[in-house]
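Per-chain residue numbering starts at 1, and chain names A, B and C are given in the order in which the chains are listed.
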Amino acid sequence: MSAVTRREFIAGSGMLMLAFSLAPRGAQAGEASHAGGKLPGSLSKFPYLDSWIRIGADGSITVFTGKCELGQGVRTALQQIAAEQLMVPFERVAMVTSDTALTPNEGYTSGSNSLKDSGTAILNAAAQVRELLLAQAARRWSLPATELEARDGAVHGAGGRHAGYGELVAGQVLHVEAQALSSVVPPREHRVMGKSQPRVDIPAKVTGGEAYVHDLRLPGMVHARVVRPPQPGATLRALDTGAASRMPGVLKVVRDGSFIAVVAGKEFQAVQAMRALQDHAQWEAGPMPPADIHAYLATLASQDSVILDRAGKAGEGASHEATYRRPYHMHGAIGPSCAVALFKDGELTVWSHGQGMFPLRAAVAELVGLPKEKVRCIHREGSGCYGHNGADDAGGDAALIAMSLPGRPVRVQWMREQEHSWEPYGPAMISKSRATLDSQGQIASWTYDVWSNTHSTRPGEAGGLAAGMLVAKPFKPSPPRPIPQPEGGGDRNAIPIYRVPVAKVTSHFIPQMPLRVSALRALGAYTNVFSLESFMDELAILAKADPVEFRLRHLDDPRAIDVVRAAAFGFGWDGFRRAPGTGRGFAFARYKNLAAYCAVALEVEVVRESGEIRVGRVHCAMDSGEAVNPDGIRNQAEGGVVQSLSWTLREAVTWDDKRITSRDWARYPMIRFPHVPRSIDVHVIDRPGQPFLGTGEATQGPAAAALANAVFDACGARIRDIPFTRERVKAAMGLPRSS
Amino acid sequence: MQSASDTAPRPFSTAQIERGANLAAIGNCVTCHTAHGGKPYAGGYPVQTPFGAVHGTNITPDRETGIGSWSLADFTRALREGMSPEGHHYYPAFPYAYFTHLDDDDIAALYAFVMTREPVRAAVPANSVLVPRFAVAIWNARYLHRGALASDASRDAGWNRGHYLAESLAHCSECHTPRDKLGGEKRNEYLAGGEAGGWEAPALNQNSSSPQPWTSSAMGQYLRTGLVDEHAISAGPMRGVVENLSHAKPADVDALARYIVSMERKGPDMANAAPPAASAHGEELYAGACGECHDRGRAAEGGALQLGKAIAVALPTPKNLIHIVQDGITPREDSAQPWMPAFRGSFTDEDLADLLAYTRTLGRKPAWNDVQGQVRAARREGEGK
Amino acid sequence: MTSLEVNGRTVQVDADPATPLLYVLRNDLGLNAAKFGCGLGQCGACTVMAGGEAIYSCLVPISALEGRPIVTVEGLGTQEHPGPMQEAFMEAQAAQCGYCIPGMMMRAQALLEKKPGASGEEVREALEPNLCRCGTHMRILRAVARAQELMKGGR
C-alpha cells in the first residue's frame, strides 16, 4: 500500500514538490516503513512517460489509463488531473481507457483504487511532461526554464515568444523514465482539479449516443445467445438442435460440452432460437447447497489467521457479544452482460465491459487456445457492474462463439435470468463480536471473528470464466485464495479503527464455495463495517453513551474525527426530535482502514404493525483525500448509500434443491423509487495536496450499519441478519405474527 | 402525543393476542382498515360500494380517532350488530353480517389484538354514501342473521372449522356470492360468483370456471401462497387476502380450503364446443407480447402459466383478464414473488380486445360478448381512478 | 413490412410482426437509447413512448404499434440541441453508469406531458416501474424537477 509519507516544499520553485514513498500502512503498527526509491502510483510498473501521455506534432494530447470507466466517472477525473498538470483546458485532453494494445496494464479497476493508482501516475507523469516541455523550450531559446511559463498548450517566454507543445515534443522526448519527484501544480492554483466537472460520458448517455459495448455495431455483426444449464454444476445430457437450427435467421448452433450458444442474423431471432434450444436440452442435475447457508458454512473447513493480536487483560466492566449474518448478494447490473468478439486473420478482438482487460486477455487466450499476442481486449462501458459480475464471462462466451465464425463480429448478451443465476455473487458471511468495557465505559477488550469464502475469483485464466467451466474439456480454476491484509478480502475492515487496548481479530477463510462468488463492491468491508458499527452502537448503549460521542472518544485520527463530526452536524444529530416510531442511526468507517473516511447519519420510521422500514433524511460526510471532482464524489456516495440500503433492506439470493430461484427482479427485489430515502446530502471534505483515496466503495458498510442503528433507535429491534425483512423486524420487536 | 394511560399495557395474555392476530389475518381486517401508504389499522381505505365510498375506520386504540375508549361490549356490539357505541349503524360494507357469527372467545381475542396495536392518531375521511343511516336498519332486518352457525354433524371437525371461518371472519361469500339490488347476498346462489373492486370474484360452487378441478391441497396452497403450479395465481383483491392468510395458522387455512372445495362439488366443464376463430392479428399480438413466457408453462426457464389453464381466461367475462393485462400482477416491492408485467398503455382498445379474444380460444371457450365494450369500460374506470 | 412512425419519421420495418419494438429500435433502426434490461416488464430500461403513453418496448410487438407515434430519447433532442429533459439530466449530472437513464427520461417525459405540474411524490410513484442499480435516484428526481421548470420555460 503506498501513501504519501513525506511532503516538502522546494523553496523558490513555485511548485509543490512531492516525495512519494511506498510504505505499508496497515492497521498493524510497527512494521518497517522504507521511504524513497519507488515511483508513485502505477508509474512504478510503467515508468515511461509516453506510456501515459503522448503529444502529437499538431499539439493533440492523448492520455492513457489502464483503468476502465464503469460509470464511476473516472475518465473525467483523470482527464481533469492531466489537464491541470499539463496546463491545458480540460477539453484539450483526449483519454484512452483500458485496451491491451494501447494502454498500460493496471490490472483491475477495483477496490476504489483508480485514482490512487492511475490518478497518481497521471498526476506525476503530466507534471513531469510539462517540466520536460519547459526544459525543451528553455534549451531552444537558451533561457532559464524558471523564466518560462506553460499555458494553454504552449510554452511562453519573454517578448511574446511561444512554442506549442506539439512543436516541442519532436523525437523521443517523452520516452523517458519518470523521476521520483514531480513539480505538481500547488492546489491553490488549481483551475480544473477540485472543481466539479460535468462528466464527459453523460451527454452521449442522455441523447442516445453510442455509449456502451451494448451499442457497438460492427459491419456484418451477428447476434448470439447462450443457453445456460439450469443450475451451476449441471451437465448437458442431450440436446436436440433440430428445431432451433431450422428457425428463421439462425446461422449456427455452437456446442462444446455443456456450453451451448446460437447465432442468428437478428437479435430477436437469436432469442427465439435460444428458447427453442432451452426446451430441447436435457441436463444432469448438480448439487445445490442447503437452504440454511450460514449453518452450512459453519460446518465447512476454514483456514484461520489471526490478523490482529494485542494481548492484555480483558476489561472488568460489562461485556457483550453478538453474531451478524449476510446472505449472498447480487451485483444485479440493470443491463445483462454483453460482449462483442471478432476472430479475423488469426487474431481475436474482444470488446468487453469487464474490469480488467489484461487479465481477461489472458483468460480468453487460454480458453480459445491462442497466444496472448493474438488476442486484444478493449474496454467499452457497460451497465454498472459493482465488481466482478458476468461481464468477463460474456467476453469468454463471445470469444468462443466468434472462433467458430471467423470474419464475423459476434455480439452476445445474456438474458435477465442468466445474469441473475450465473453471475458470481457477493459471498454469504458470518461474523461474531465480543467486547468488554472498563469501569469508565471505555472499550477494554475486543474479539472479532469473521467467516467467509474468497472475495475474488476474477479471471486471469480460463477456469475463471463460465465458458471455461462448461466446455467439454473444462479448465480448472485455481484454488481460491484469501486477499491478504492490509486490504483484505473477507476480513476487509475486520480490524477495528477504534482505540482498543486488548484485541484479537481472526479471519476464517473458507475455501469451499457452495455457490460461485467473487468481488462485490466493498468486499468483506460491507459485512465487517455493518457488524462492527452495529456493535459499536450496542456497546454505546451498554456504556449509556451517545453513539456519536462514544465513537469520538475511541478515535485518535483527526481526519476520522472530522468526518464523524461533519456527518453528525450535517444531520443535526444533537437536535434530533424523535417522533413516535422514528429513530436516528450513525456509523463510520475508513474504507480498508487506509482509504476514504466516511460517516453516515440517517433517520428511519418503522411501521410497528407491518415491520416496514422507511428511510427519511440521510447525511454522509466523505474525506477521499484531495477531491478531484467533488460532484463526482457526491454522485458515487449517493449511489453507494442507496445501493447499500437496497442490499440491507431487501436483497438475498435464494435457491431450492434444483436451482437458483431468484432469477428476476420479482424474486430478487431491489429498492424502487417510492422507498429510496427522502433526501441524501453528501458533505465532501476536501484535502488539497493529500493523496487520492478513492470513493466508490466507502459508503457500503456505514450506510448498512447506520440503518441498523436507526431501526434499533426507532423501535428497539436489533437486526443482525441481512436483509431486514418485515418478518425479521417484527420478530426482533417481539410482536406476535400478524398482517 | 399519547398520554401515558393510552399506552399503558392492557390485561391481555400473549396467547390471547396471538389468537387474535391469527383471526385478524383470516379476517383480512388490515386491508380495509389501512389507507394507501398509511399506518396499518389506522383506517381511511375507501371501500367502493354501489351506493358510494365507505372508509374503513381507525381501529387502533387511539382514544380520539380510534377505538381506544371501547369496552369489550362495545366491540362485540360492533361486530355482531354493526352498531357503534353511540348507537349509529355502520354501513354493511363493514361485514358484520358475517362477523355476527363469531363466538365470544374469538371476539375477545380480536379485541385483545386490536387493543394492543400501536395507537395512531388519524381521522378518517367522510363517507360519500347516499343512503341514510336509518335505511341500514331495514337492510339489517332482512340480511342480518345473528346467532351461531349450526354445525354439520355429518362432517368432521376440520370441515366445520372451515365452515365457521368462511362464514364468519373470512367472509368469503361477501365477494363470491352475487348480490341483489339492495346489496344483500342472494343466498340461493351461494358462492356462485360475485364482484369485488371491479373484479369478478369467481364462482366457487358448481359453476366454478377453473379449468382444473380444485383439490383441498391445491386450494390450501393457493390461499397460503397465492400460487399453485400450472393452475392459479392470485390477483386483484384476492392478493391482499392471500397476503394476510400467509400469516394465519396453516391448519385454519387448510380448513378453509377444505370447506371451499367441498362447495365446488363437481369437476369443471373440460369438454367445450369448438372455440370460435380469433383474428390473426390477435394471435400475432399474443405471440409478441405473451407467448415468450406463456407458451412454455411455469416449469420452463422463464416460463409462465399456459393460458389454456388460466382461470381468468375461463371466467364468464374478460373483466379480470383485462385488469391483469393492464395492471399486471406485481408483488409488493419488498416481497419476492412471481411477476406479470403491466401492459397499460401498450395496446389500443381494439388491439387489446383482439388479444383477449385470442386468449379465449386458448381456453377453448366460446367467445366473450362485446370484448371491446368491456375494454373501453375498464379503461374509463381506470382513468377515473 | 410493418410501418412505424419513430421520432417523427415513418419507417418500413421488415421484421416478424411479433418482434418486440425494442429489438426493432436497436437492430433495425440503429437507435441506442432504449436498452434491454430484463425483457420482462420489471425494470423499465426499455421504456419509450407510444401514442403518448410510456410503454415497455421489450414487451410490445410492432404489430401493436402501427399508427401510434413512437418517441425515444433520440426524439427529445441531440447533443448539440438537447431538449429540456436531456438538458435537465445533464445539468443535474443524473447518471452513473447511465444504462437506466433513457428509460427514466421517457417515463418522466410521458408523465410531464400529461401532468406538467406533477408533485415530487407523483414523480416518485410514476417512476416506480424503473429500476436503477447505481442508486442515482436522488439525481434523477432532481433532473425531472428541473425538466419541469425548463418545460415551463423557466431558466
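Heads up, the rule we're going with is that a residue touches a chain if its C-beta (ideal position, glycine included) is under 8 Å from a C-beta of that chain, and two chains touch if they have at least 3 such contacts.
Treat the numbers as computed from the prediction; the structure is a model and nothing was measured.
If you draw each protein chain as a dot and join the dots that touch, every dot ends up joined to every other dot. Which two chains touch most often is answered by the contact tally, and the pair is A-C.
Separating the CA-averaged centres of chain A and chain B is a span of 47 Å. Remark: chain A and chain C have CA centroids separated by 29 Å (rounded to whole angstrom).
A straight line joining the Cα centres of chain B and chain C is 36 Å long. Counting partner chains per residue, chain A has residues 271, 415, 664-666, 672, 674 touching two or more of them.
Counting partner chains per residue, chain C has residues 19-20, 39-40, 42, 128 touching two or more of them.
Of all residues in chain B, those that touch two or more other chains are 292, 333, 339.
Those residues of chain B that touch chain C in the complex are listed here as 281, 284-285, 287-289, 291-293, 328, 333, 339-348, 351. Residues 1-2, 14, 17-18, 21-22, 24-25, 28-30, 39-41, 113, 117-118, 243-244, 247, 292, 296, 300-302, 330-331, 333-339 of chain B are the ones touching chain A in the complex. Only residues 230, 271-272, 275, 278-279, 415, 417, 579-581, 607-610, 612, 649-650, 654, 662-669, 671-672, 674-675, 725-726, 736-739 of chain A touch chain B when the two sit together in their complex.
Residues of chain C touching chain A in their complex: 15-16, 19-20, 23, 26-28, 30-33, 35-40, 42-43, 45, 72-74, 76-79, 82, 86, 89-90, 93, 95-102, 105, 124-125, 127-128, 130-139, 141.
By the touch criterion given at the top, residues 70-73, 198-199, 201-212, 214-215, 217, 223, 248, 266-268, 271, 332-336, 381-384, 386, 413, 415-416, 631, 635-636, 638-643, 646, 664-666, 670, 672-674, 676-677, 679-680 of chain A touch chain C in their complex.
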